[in-house]
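Chain nomenclature is as follows: A, B and C, assigned in order of appearance, with residue numbering initiated at 1 for each chain independently.
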Amino acid sequence: MHRFHRAPLVFLAVCLALCTAGAATAETPLRRATLEQLCEKSVGPRVEAVDRLLTATAAGEEDASWTFAILDAARSKGLHCGKDAVPLLKLEDGWRDAASLAPAEPPEQKMKPPFVNLKVRASLDMGAALSALLAAPGSAAAESGLGEIEKRPDRANSAVIAAATALSENAPFVDRLGSIQASLDLASEVPEDRIAAIDRIAENPSERNRTALLNLQAELGGKADPVTRDALDNAIAEIDGWIALGAVASTVYSGLSYASILFMASLGLAVIFGLMGVINLAQGEFIMIGAYATYAVQEALRAIAPGLLDWYLLIAIPIAFLITAGVGCAVEASVIRHLYRRPLMTLLATWAISLFLINSVQAIFGTQNLEFATPAFLGGGERLIADFIVTWNRLFAILFAALVFVAALLVLNRTQLGMYIRAVTENRDMAGCIGVSPRRVDLISFGIGSGLAGLAGLALSPIYNVNPTMGTNFIVDAFMIVVLGGVGNLYGTLIAALGVGMINVVIEPLYGAVAAKVIVLLLIIAVIQLRPEGLFAVKGRR
Amino acid sequence: MFDQLFSPPGSATRPAPPVAPLALLLAFLGLASILSGWTGIGPSPYFLNLIGQVAAFGMLAISLDLIWGYAGVLSLGHGLYFAIGGYLIAMHMVKVSYLLTSTPPDFMLFMGWDELPGYYAGLEWFPYTLLLIITISALVAFIFGFISFRSRVSGVYFAIISQALVYVAMLLFFRNDTGFGGNNGMTGFTEILGQPLGERATIAGLTGASLLAAAMALAVASRVVRSRYGHMLMAIRDDEPRLRFLGYETLWLKLGVWTLSAVIAAIAGMLYVPQVGIVNPRVLSPELSIEIAVWVAIGGRGTLVGAFLGAVLITTAKFILTAIAPDLWPFILSLLVLVVVVALPNGLFGSGETLRTRISQLATRRAARQAEGART
Amino acid sequence: MTLMKRRKFLKTSAAASVAALAAPALIARAQSGDTINLGCLFSSSGTMANIEGRMNAVVNMAAEELNAKGGVLGKTVEVMVTDPASDWPLYAQLGRQLLQQEKVAALFGCWTSVSRKSVLPVVEQNNGLLYYPLHFEGEENSKNVVYLNSPPSSSVLPALDYLMSEDGGEAKRFYMLGSDYVWPRTINKICKGYWTSKGFEESAWREEYVPFGFSNFQTLVNDIRQFASEPGGQPIIVLTVVGSSIPAFFKEIINQGIAATDIPILGLDVLEADLEGLDTAPMVGHLNCWAYLQNAEAPENDTFKEAWKSYVGGNSLPYSPETVIDPMVSAYDGVMLWAAAAEKAGTVEVDPMREAFPGLTFDGCPSGYDIAMTGENNYVSRGVFIGSVNDEQAFDILWQSDDQPTPVPFSPYA
C-alpha cells in the first residue's frame, strides 16, 4: 500500500540542503577508500564499497548525509573521477570536493563519471535509498527511498534498517520498516523470529512475497518444525487469496481502462455517425488533431508559463475541443454539407479527408512520435491489493471518459441545442418545418462530434503514441462500438465499449491479444446478426 | 437516410453502360499480350506486368460493382475473397517450388516445421487449386451472405460487419502459427504451370490471362445485369421491402449475385499474386477494401465499365506517383476523390447526364437555401 | 451502336489508353550518360514512416558527399526516392520498377525483414543489388543482397552473454516479447537454442507475440510482472517488438513502475529514435545492442553527426537533427561501400561489382571501427556495441567489442 516514485533522482534537492549544512568536514581513510573504489571501472569493488559504507554508516562511523550525498551523486552521474585526481562531485550549484563536500574549483583535467551498469546501479540505488532513511529520517526523500527498498526488501542492509527503525523521526515508517525487516528475518536461524517474519509477510501479500515464502518452504523441506510449517502454509494460503482478489481487481481495472479508451474513441463517432448518419472515416484523424492540439498547448506553456506545465492536460481541454471542432466544422461546411443527400459519398469524402489530414500533419510536424511530459500527478501509480497497481494515467483516462460522457449527455438531453439536435435526428423535415435550421444544427452537431474526438486525443496522449497515423488504429474499433451499441444512443455506445473492453481483457491473458480481438469481432458480427440495428437501437432518421 | 447509400446515385433513365466494346478491347489486348509473349516483340516485361496487375484490380472492381452498383449491397470486405484466391494460388506455387527445389518456405524454417501443414495436400495440382479457389470463395461468401441476408442485416451494418470479417481474417493471417506465412506471407515463387515466373513469356502470358479474365468478367457481369435476374437485383437495390411484399424471396436473389461477385474477386486475386510475387495479410487490410470502393465510386457505380476504368486510373496513377512523387500522391488522390465526390457524383465514367443533373441539383439546392434563408 | 454509345466508348477508351500510355512515358525518364542512379526503398508513410523516412535523407546525403568529391567513376550519383508506404508487396513492386524501368545501379532499402523478403525475389530475378542496413535474423545469404548490419551471432548473442554474466546481473529467466513476424520469431528461436546449449530448461523462458502496431500492453506488462516475481532467478525481457509498439511498451513499463534494476529490457530494435517521444529518466539502464551508437567515441562520428545536422537544417527536413541511429549509419556505409566497389570494378554492372567485394573496406564508418567485406558471404564485418539507456534519450556505451567479429550468416542455434 505504498506509493512509488518514477524518478529516484528526486533526492538531489534534499542532498543540496544537506551538503550546504556542512555535514562533514574531514577526509577519513574510509572516505578515501570508498571514493577510490567507487571510481574503479570493474563492478565488484564498487558494490563492495557501497556495502561497507552502509554498514559503517549504520554503526555511526560515517556521517549518513555524506553517504547519501556520495551514493546519490554516483548513480546520477554526479561523481566525477579522473586519473590521479581527487574525485569531485558536480552538483547543480557547482563543483565540490567529494571527500569533504566543500566547494571546489572546476577540474582542469578531463574528469568523467564512471559508467554505472545495472548491477552497480542496483547497489547504488539501494544504498542511496537506505542512507536517505538515516540522513533525512522522516522526510519525503526517506519515504521515497522506502518505496525503492520495498521493491527488493531481501537486498536491504539489515543494519541500516535496524538503525533507521531506531530513529524517532522515522516513526511514521515503523510499520513499513518492520515489513522490510521481516523479509530479512526470513533467513533467520531462530525459529521464533522466522515465524514472526512469516506472519508479518503474510500481511503484505504480493507475488514476490509469495515466492519468498515458497523458496523458504523449499529450502526448509522436511526439516521444518510443525509450527513453522503451519505458519508457512497459512501464510501462503492467505497470500494466495489476496493475489486472486488482486488479479480480479487488476482485470476489472484493465477492462475499465480499455473500455474508456474505446468509449472516448467512439463517442464523437456516436454523434457524427450515430446521430447524423455521416460515415466519417476521418474520425481517427480528429482524434489525432486533438492530440496535436494538446501538444501545442504543452509547448506553448513550456515557452510562456513553465510553472503551469504540469497542468497542461487540463488547460488543453477547451483548446483541444475547440480546435478539433473548428476543423470538423470546416470539413462539414466545405465538403460534408454537399453530401447529406448522398451519404455514400460521405464515406469516400471522409476517407479522402483522412488521407489529406494525415499527410498534411506529416508534412508539417514530421512523422516522429510527439513527446509529452507526464505531469507529476499522472506518473506511476498506487499498489492497492497484492500486485494490483492503479496507474494514474489510466485512472485519468477513465475519469475523463466518465466526465465527458456526463457532459455530452447533459448537452444532448438538457439544453435547447441538444433538443434541436435530437429533433433533427428524429425527423429532419419536421424539425425544419417548426423553425429549426437543420443546416445549422448539422454544422453544430458535426462540430461537437469532432470536438469530442479531439478530447479523445487529449485523453489518449499520456497513454498512446502520438503521431500522424495514430488515428487509423481507432477507426475500425470505433465503428464496431457504435454499431454494436446501436446508432443514435450514447448509452448503447457506453455499454458496448464496456462490454468489449471487459471481454477483451478477460480473453487476452488466456489466448493472446490477437485471439482476443478476433473473438470480440466475431462476437460483434454475431450480435449484429441477432440484432441487425445494434444492441440498443433507437428509431432515428433513416 | 442510410437507404440512400444503397440506392442509385443517378436517375432511372441512365443510358446502359457500353460494356461490349471494352470487353472486346480487353480480349483483344489479352490475345495481343499472349502473342507478344510468344514472339518476344512488344512492351517491356515490366510494362506488361503492370498492365496485368492493373487488369486484375479492374476485375476486382467489377466484382464489387456487381453487388454494390446493381444489388445495392456495399461490401467493405471484398479483399477477403481477393485474398482467398491470392493465398490459394500462392500455396500452390509454394508447394510446387518446395517439391521442385526442396527448399522449404521461410515460415517453415522459422516455425521449426519439418513439413507443410496437412491442408497443403494436393495443392501442387493446379486444377485442384482452381477448384478450391472457386469453391472456398463461394462457400465463404455463401455462408456469410446467408446468415447476414437472412437476418436482414443490410445497408451500412452489412458494410461494417463485412469490414469486421476481413479485419478478423487479417488478424488471423498475421499469426504465424496458421501456416500461411504470417506477416511475411508467401513469396519466392519460382514457376507457374511449369513456366518460370521471371521469363518475359510467362509475364506476358499472365498479363494476357488477366486481361482475358477481366473481359470475361465484364461479359458475364453485363449478361447478368441485363437479364431478368439483373432487373430483380436492381429492384432489390431500389426497394427491397416492396419486392418482398410482392412475394419474391430476396435472400436467394442476393445470395446468388453475392457469391458470383466473390468468385470473380477470388479469380482476380489468383491472377494478381503470381504477378506481384508476394501475398501477405495486407491484402486483407480494411484500407484495401475501402480502396476498392473508392475505385468503383470514382469510376462510376452501377456501370461496370466505370468501375473497371476507375480501378485502372487510380492504380496506374498510384504506380507512377509512388515512384516519382511519393510525397504528392496522397494529396493528389485525396483531392481527386473530393473533386469527384463534390462535382461528379456519378463518377468520372458514369452517366453522360452527370453534369446536367449536377447543375440542376445545384440550382434546386440554391433555391432551397434561399427559401430557408427567407424563412429564418 | 447509337451515337451516344459510340461517343461514350470513344471517351472511355481514350481515357483508358491515356492512362495506360502515360505510364511508361512518365516512368521512363532517360538515363543520361553522366549520372548513375541509386534507388531507395524506405517508407515515408505508414507504420514504419517514423524511423524509415529519415533513411531516404541519409542516402541522399551520402550521395551528395560522393558528388562533392567528384562522383563515382566520374559520374554524378543521383538518388531516386520512392514511398512503399509500409506496404510489403509495394516494396517488391517499386523494387521491380526501379530495377527494370529506372535501371538503377543499386537499391538501398528495407527495414523490416518482411519487406526484405518481399524484395528478395525481385533483386534475384533481375540480378540487382540490394544494400540492406538493418541488423536482422540472419539465416539468409543471397548473392544479390549486401547485408550491411550484423546477424544475431555478432549482436544478440554477445548482449545475452553480457546479461547472463556476473556483471550484467546473472540473468536466469527470459521473457521474450516480439511482434509476430519472421525477425522476432527467428531471433527467439536462436535465443532458445542458445539457452538450451547453456543448460537452461524450457521453463526458464516465456514467449509472447503481438500483432504489428499493437499498443495496448497493460495486460502483457501485468503478465511480465507476474513472470518476474516467480522463483528461479533474475528475469530479463528480450524485446523484439518493432515500430510504434516500442514506445507504447516502454510507456506501460514506466507506468507500472518497473525499472531496469528490477527487470532489465534488452530491446533489440530499440534505437535513439524510439526514445524521442519518451521521458527516459525512469528507463535508465535498459539495454540494446547495435553496430553503432550515437555516443560512439570516434572523430568520424562527430563529423557524421555534424553533417547530418547541417543536412537536416539545410533541407529543412522533418527529422530530428540531433538523432543519429545505427541503420542510418549502415545505409551511409552502404553507399560508401557501393562506391568503393564501383571504383574497384570500374563499372556499376552487378557481376563485376560482386567480384570486387572481397577485401573491400571502408574506414570512415562513424562507429569508429573499420568495416570490411570478406568475400565469403555478402555480410559486412563491423564492431558491436551494447548500449544502456541514459536520461538524455540516448544510449551510453556499456560495452563495445575489441575488434570486428566475423559475421556468421547461419546460426548453429537456429
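Everything below uses one rule, namely that a contact is a pair of C-beta atoms (placed from the backbone, for glycine too) under 8 Å apart; a residue touches a chain by one contact, two chains touch by 3 or more.
As the structure is a computational prediction, the values presented were derived from the model and not from experiment.
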Considering only mean CA positions as chain centres, point out the chain farthest from chain B. A
Per-chain C-alpha mean nearest global C-alpha mean belongs to chain C
How big is the gap, in whole Å, between where the Cα atoms of chain B centre and where those of chain C centre? 34
Separation of chain A from chain B, taking each centre as the mean of its C-alpha atoms, in whole Å: 44
In chain A, residues with contacts to at least two other chains: 358-359, 363, 514
Enumerate the residues of chain B that touch no fewer than two other chains. 171, 174-175, 327, 330
So chain C residues touching two or more other chains come to 44-45, 180, 209, 211
If we count contacts the way the header does, which residues on chain B are in touch with chain A in the complex? 1-6, 9, 74, 147-148, 151-154, 156-157, 160-161, 163-165, 167-168, 171-172, 174-175, 286-287, 290, 293-294, 297-298, 301, 327, 330-331, 333-338, 340-342, 345, 369, 372, 375-376
Touching residues on chain A, where the partner in the complex is chain C: 4, 6-7, 9, 42-43, 115-119, 121-122, 125, 151-152, 206-208, 210-211, 214-215, 218, 250, 254, 257-258, 261, 358-359, 362-374, 379-381, 387, 389, 391-394, 463-469, 473, 505, 508-509, 512-514
What residues on chain A touch chain B, complex-wise? 277, 279, 281, 335, 338-345, 347-349, 351-353, 355-356, 358-359, 363, 432, 435, 437, 439, 472, 476, 479-480, 483, 514, 517-518, 521-522, 524-525, 528-530, 532-534, 541-542
Provide the residue numbers of chain C that touch chain A in the complex, in ascending order. 44-47, 49-50, 53, 166-169, 180, 208-211, 213-216, 218-220, 222-223, 225-226, 229-231, 244, 247-248, 251, 254-257, 259-262, 264, 273, 276-279, 281-282, 284-285, 287, 318-320, 388, 391, 396-398
Along chain C, where are the residues that touch chain B in the complex? 1, 4-5, 7-9, 11-13, 15-16, 19-20, 22-24, 26-27, 44-45, 80-85, 87-90, 92-94, 96-98, 100-102, 113-114, 117-118, 120-122, 125-126, 137, 139, 179-182, 185-186, 189, 209, 211-212, 414
